[in-house]
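Below you'll find the structures, each written out as structure tokens.
Common to both upcoming complexes is chain A, partnered first by chain B, then by chain C.
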Partner chain A sequence: MPEVRSITADHFDDLFLGSQLGVLSAASTYRGSLETWVHALLQERPVELVDPAEARERFGEEEMGLAVLMVGAMLSLLEYPFRGDEAVVAVRRLERTLGVRFAAMCPFNCSGPNALVAVGAASLLGLPLVDCDGQGRILPLIDQTTFALGGLRASPLAGVGPWGDVITVDSPGDRAEEIVRAAVSGAGGWMLCATYPAPVHRLVETGIQRSLSQRIASGALMQTARSDLGERLARHLGGRLVARARVVELSGHQHTGLRTRQPASPYSILLRGLSSTEPLIRLEVRNEIVVATVDGAVVGAVPDMICLIDPLRRRSVELSDLRVGQVMEVLVLPAAEAWRTPSGRAMAGPGAFGLSWPAQPA
Partner chain B sequence: MSATVCAPVLADTAPVAADGEVGPVVGVHLRRDRAVGVRAGDGSSRTAAAAGSPATSLAAVLAELAPERCSRVLLDLAPLVADVLEGGRLAAVTTVRIAPSDRAIGVLYGGWPPAVVEQVDAGRLHVSGGHDFHGRRVGDVDEEAIAAAGRLAVQRGADVMAVSAVGAMIDSSLELEVAARLSRATGRHVVMSHGAGGVRHLERETTTVLDGALRGEVGALLDELYDVVDHVAPGARPGFAAADGSWLGREQARAHALRLLGTREALLVQGAAATAGTPSAHVLLRDRRGLRATAVDDGCVRADPVRDLAPWLPGVHANQRHASVLPVGPGDASGLSPAALLGRPVVLVDLEPRADEGEVPQRLVAAGLEVRQVAAAPDVLLARGLCAAVPQCEVVTYAAVDGPAAWQRARDVARHQAQAQVLAADPRARLRTVADQVIPLSYLSTGVVQVRCYVVAEQELVRA
Partner chain C sequence: MSPDERTPTRASRPEGRPEAVTWGELLRSKPMEQVVVPVRVDLDRDVTKVRLISDLDDMQACRPGTVAVLQPPLASAAWAIEIAVRYAWERSARAVVAQVTGSAAEAVTRLAERLSVSVGFHDGDPTELALDLSALVARPGAVRSGLLARCAVLISEATSVEEVMTVLAQELPRTATSLRGPGDRLLAGCGDELPPDVLRVPLAPLDVEAGRSLTAALSHRSVAWNQTVTRVLQIARAQVVACEASGRVAASVQHEREGFALARVLAAPPDSGPATALGWPLQGPLTGAVVLPLEEAVRAQPAVGLSLRAAWAAEPVGAPPAPYLDGWALWAQLEEPGADPAEDHGRAERALAARAERLVRRAGLGVDLRIGVGLPGSLAATLEQAMIAARAATATGSVRGIERFSTLGSRELVTATDAPHLRRVARETLAALLGVDDRDDLVRTLLAYLDCAGSTSRAAERLAVHRNTVTGRLDRVRRLGVPVDDPDRSLELHLLCHVALSSGLTG
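Entry: the complex of A and B
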């Protein structure tokens, strides 16, 4: 795949497909208004994608960048769609708060709506997009990032909600997550936030590098792989195909583990493997899939990314679209190196989701 | 013009077969100049075709296929609905969008063909408000804005008014209130987005506007054809095919005319499965466009909820349940993972004669799959698909809940809605709940859940 220097409308299909990888609750696998809007923005103004190595040379030590994301439920965004100016309002508000002008931005993560939000925001603002993000996957909390692992702070932060409410959070005690989550609830289900204001160099140092271009490349593979998509993706991304299995049960349940900050109602997906031994695969969902077991043995756990791929449609599937009887491929893809450290595992491992499963899969 | 507001459930009043059993079924695929029908379900499969206008050709086909009693006559009007959409016979619609802002990333009529916009767009008005995700109404109803919408409809000569409110799938009371006021003020028929359903507001609005625009012409067609069935096949229950392969009663079809558009693939797939004699299968459709894959589960085509309305309105998305069909590739099966097809027969349908027709089955058989080939004229398969159609309804909605008891209540409400819709199509239906799920809304710490209930009529496979 040639290096992407400018994200154009021609990259949209790859970006859209690739961004859904490892996303279940926040997935939006059908094209609608959001996707049409971002595609139209890219037709009008492509986005310059700056490689991290180039960013170190191109931006001065003092030049500031930020990350943008949509906090909240994807389904609420579908019901209460963007007006279109939220990113501009949030970024300009943060600029006024800090008294700076941002030179570049990056995605908070490149998963689900946040990949599209970042690309759309960069196009609207005419800012270059640095090819790194703060999660390398999707995680629920705004302080659950490699930016935070590297010492950056989510606040000051500016957010805009569906009813036009604008908030600015400056939390000396690092309580931005708690405050924003309450604001999202009050605002109506989502807020588009401008966050992690920091020198571009620091975002690059602490971020997960080339995550956006990797998503575009994965999307291209999903478009072109004629068969055995799960195996090909696993090979491409250094992971493994755990099982091909049929969904047999979907159920919500009460959380009985440790107390957690996660804004999630526990949910389980049970699948019966199609191999001769017909193993029982259980996926525990806390917003996204956090643990996968096969006949009781852990085969994948956060911070690794556990993905469900529909082999017939050759794409990810969204939780609200999952049906008993569907055949799925379960993939485990390795987390970025930053998450594999003790502090990374403490922040994004099973314990962070209130689960006492071992952090290291069998 | 009478002032009417759609009720969420539209009962149909057609006569029920005296013995209450599902007997022989006739399916008729209608085009503007001909009809093709199949009679099935009584041990034989008879086919008939006739030329002429829809009413004339339908009468001729029914005279041949339904001289003896049949329990149902199911009609596929999709080509006729497409004619209405393309032929300049749409109603003018004044749209009231109730939302936080008058701006949104999706502009109604954005990307629509100018000729269609010219007919349909009888003004748009934004009213500030809606329900938030806690089920709370935001702001009071703006009486002056509602009155202005009524005046706009009169001034622009609207036939229909459409109301779409954000949050209507959590609480529909605002849409109902506004619709009642508009109806009283203008005498226009008012369509509402919560009736169209779907969890995307902008797509729901598009669906609602198109339902309103199609309603008059399609309604007249429904009445005309209904009378033909009543006259030629008395005692048979008429039904109308929807894009997800199900069938609707007359009033449901009138209220949601867009659902009658684009039925082809769902009916082909159902027809192929019925011909192959299997209620559950993976179905591969092959023609010059390539190979397309989908699945049938217990007689019901696997469906997607959001549709690009190409070729009628390319790039316009609507909330319309329709057959989920995946393009596989240029005519071969190399794009299919055999694992994805395991556990069910594979039905391969050649919609056109092919020189290499043995190639795909050989590959699939080599992969250990059971393959059944079906060859029939597409119009006949469509009619067979009609005979095999199953009344069904999937309700997807939201509820603000605060505990397991409230989860259960939300689930009960959704199930009752879905059951009522199936019974509105077929009061004799034995109901089966296929899915009944409460899904927590992720990333929110409040108790909003999505409720999904899918109910189908239990029936034996009508072999064609």
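Entry: the complex of A and C
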């Protein structure tokens, strides 16, 4: 796979497919206003993708960067679509608040809509996009990032809603998540936010490197692979295919576990393996899949990424698309090293999702 | 797993320490009544500990033989319960008890079945359940006392041997219990073959019958469990005997009542009150039969009557066998009369004879019983005829064991009137003839000669011998002083020959 130095409209399909990997609840497997907007922008102005190693040389110690993301329910984009200037308004507001000019930006994460939002914003603003992100996967909270693990703060933060409402959050107590979440409901269901203002060097140091280019490469693989998609993806991303199985039950339940800040309601997906022993596979969902068991043995848990791949349609599957009887491939992809530290596990491990979890899973 | 983590074996258990309670025993305890246990395995394995599990770390620390009672929120999360079941399987824990229902419980049950791990569900307080179970595990004697008390209550409520055996089957996990007669003949309970080390509690000295015992084949053996099962069987023994005694007394009273009722009907036909109360058929032509033991010592024995009555209950047609003289009478009304009364009578006789034969077979007493069947008519008349036929069946040694009055010839009729007396007369009158070695040939030849009205050629034909043989044998009979040619003694001689042959005096 050749190194991507510039993201063009030709990369859009790969980026779109690759960004859906491991996203169960916040995915969008059809193209809506956001996708149309980003695709149109790339046709006019490709985005320069800066490798992290190059970023350390290219940007000075004082040069600032930021991350952009969408907060809220993606389905509300159907009712209140993108206008197109939200990223400019949010970034400029943050520049005015801080009194700086941003030299570069990066995705908040490379999963689902946020990968596209970052590419679109960079194109619109004419800023280079640094090939790193703050999660390496999708996690639901603004402060659930390796940026935060590395000491960066989400605020000051500027957000723009579908009606053009702009909020600026400066939270000395790191309560940006709670404040933005409350503002989103009043704003119309979603907000595009400019956040984590920090020197570019610090974003690179604390972020998960080369995550965007990896997603583009994964998307390319998904377009070319045939019957062995799950195995090839696992090989490519250093993970493993744990099961090929048929969905037997989809059920919501009341078990909320320990008290958490997670906005998700619990959900279980039960599958029956297609191998001769027909093992029972359970995927426990809190927005995304947080635990996978095979016959009660834990085969994957957050912060590792557990993906459901549809081998027939050769793409990732979202929850609303899942039906009993469908055959799925279950992949477990390893989390970035930053998540494997004790503080990383505390922030993004099973405990962060309210699951009572053994210190050393079997 | 390190050696010290293994379930203690019975051989390695320190002396003086009570044997641990088994999972099967714990399942029968009162605290577990509130727990639904869809997957039950390793019932005969020890429970070493009961742990209240609040997180999966606790579950990881479980030792072999532990019963894990999950606490909320773990107890209601299917994903966590499944992980706990897996840990239980990996650690040889005895069981996992959780608090889910519906499809979540079904999924957990499926996994538990796959892994062969006992799993239970309840909606009570897990802390209370764990404490109660812990107390029982700490004091195994309490579990066993509880089981004994529970069995005692349930057995005392049983009103039949079958109910007692059902209680034993339900309350003694993985133990095959049965009631056995002499030679280990199965009388009630589990019909499996008895292993050599079967536990046995004889019903004697309480039992009126010899050689019966309650048995228990154990799937696992230990001193404590053997003692517990033995005690339960001892409790059951008294109830088995009591249930049977109660049944016997009731049957005996009923039998006597029936004997009295029959005597009243026969003595004073208008006084049919007691018989009517019993619902007996008394109207219209009746066909009677009498069952009479061959052996005189057994006649009129109540035990035989009770057995016949119990056998009659399996095919309760007509009147039950009621005591009648030194035998037992039964009778039935004519079914749907046809155009030909003679044919009806014949059919009724044959039907009753067949039913009486089935009755005797079913009773299976090991005593030779003979049957006589009377002609249809009044009850008194048909039973009288039936008794004569029955006596004929006993006196003549009928091969089938049954005689119908309608087919008795005059000789058998005479024979039946007083067989013992006639045998004595025959022995005395034919003493010389019966004293020789070839007496059987001689008596048969004499009988054939008399049957054939003094024709030696026809007698030879009947005996399939040469005529000279017949004349030679008759000469020998005459030489022994038998008055063959005296017309005044011809009838007497003829009858006594029949008696001698049928009574085995020539054998």
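The criterion applied here is as follows: the second predicted complex is superposed on the first by the 355 of 362 C-alpha atoms of A that agree within 3 Å, B and C clash if a C-alpha of one lies under 4 Å from a C-alpha of the other, contacts with A are read in each partner's own complex, and residues count from 1 in each chain.
What we mean here is this: a residue touches a chain if its C-beta (ideal position, glycine included) is under 8 Å from a C-beta of that chain, and two chains touch if they have at least 3 such contacts.
Nothing here was measured: the structure is a model prediction, and the numbers come from that model.
Student: Following the overlay on chain A, give me a clash-or-fit verdict for chain B and chain C.
Tutor: Chain B/chain C on chain A - fit side by side.
Student: So, A:G296: does it touch chain B (first), chain C (second), both, or neither?
Tutor: second
Student: Regarding the shared-chain residue A:L270, is it in contact with chain B (first), chain C (second), both, or neither?
Tutor: In the superposition, A:L270 touches chain C alone.
Student: Just checking: does A:G150 make contact with chain B only, chain C only, both, or neither of them? Give me first, second, both or neither.
Tutor: Neither: A:G150 stays clear of chain B and chain C.
Student: Tell me which touches more residues of chain A here: chain C or chain B.
Tutor: B
Student: Once the shared chain is lined up, is A:R246 touching chain B (first), chain C (second), both, or neither of them?
Tutor: It touches chain B, and chain C stays clear.
Student: Pick one for A:R282: touches chain B only (first), chain C only (second), both, or neither.
Tutor: Only chain C; A:R282 stays clear of chain B.
Student: Using the superposed model, measure off the angle between the directions from the CA centre of chain A to chain B and to chain C, in steps of 10°.
Tutor: About 70 degrees between chain B and chain C, seen from chain A.
Student: In the overlaid three-chain picture, which partner chain does A:P334 touch, first (chain B) or second (chain C), both, or neither?
Tutor: In the superposed model, A:P334 contacts neither chain B nor chain C.
Student: Classify the contacts of A:W163 with the two partner chains as first (chain B alone), second (chain C alone), both, or neither.
Tutor: Touch status of A:W163: first partner only.
Student: Just checking: does A:P81 make contact with chain B only, chain C only, both, or neither of them? Give me first, second, both or neither.
Tutor: In the superposed model, A:P81 contacts chain B only, not chain C.
Student: Give me, in Å and rounded to a whole number, the least C-alpha distance separating chain B from chain C in the superposition.
Tutor: 16 Å.
Student: Quick check: in the complex, which residue numbers of chain C touch chain A?
Tutor: 54-57, 59-60, 73-74, 76-80, 82-87, 89-90, 103-104, 107, 110-111, 114-115
Student: Which residues, counting only chain A, touch chain C once they are in their complex?
Tutor: 249, 251, 253-258, 268, 270, 279-280, 282, 284, 291, 293, 295-298, 355-360, 362
Student: Which part of chain A faces chain B closely enough to touch in the complex?
Tutor: Chain A reaches chain B through residues 25-26, 30-34, 36-37, 71-76, 78-85, 140, 162-164, 181-182, 184-185, 188-189, 226-229, 244, 246, 250, 252, 263-265, 267, 274, 287-288, 310-314, 319-321, 323-325, 327, 329.
Student: Show me the residue ranges of chain B that touch chain A in the complex, using the header's touch definition.
Tutor: 99-101, 103-106, 111, 130, 132-134, 138, 166-167, 169, 199-203, 282, 293, 295, 297, 302, 304-306, 308, 315, 317, 324, 326, 329, 334-337, 339-343, 396, 398, 407, 435, 437-446, 448-450, 452
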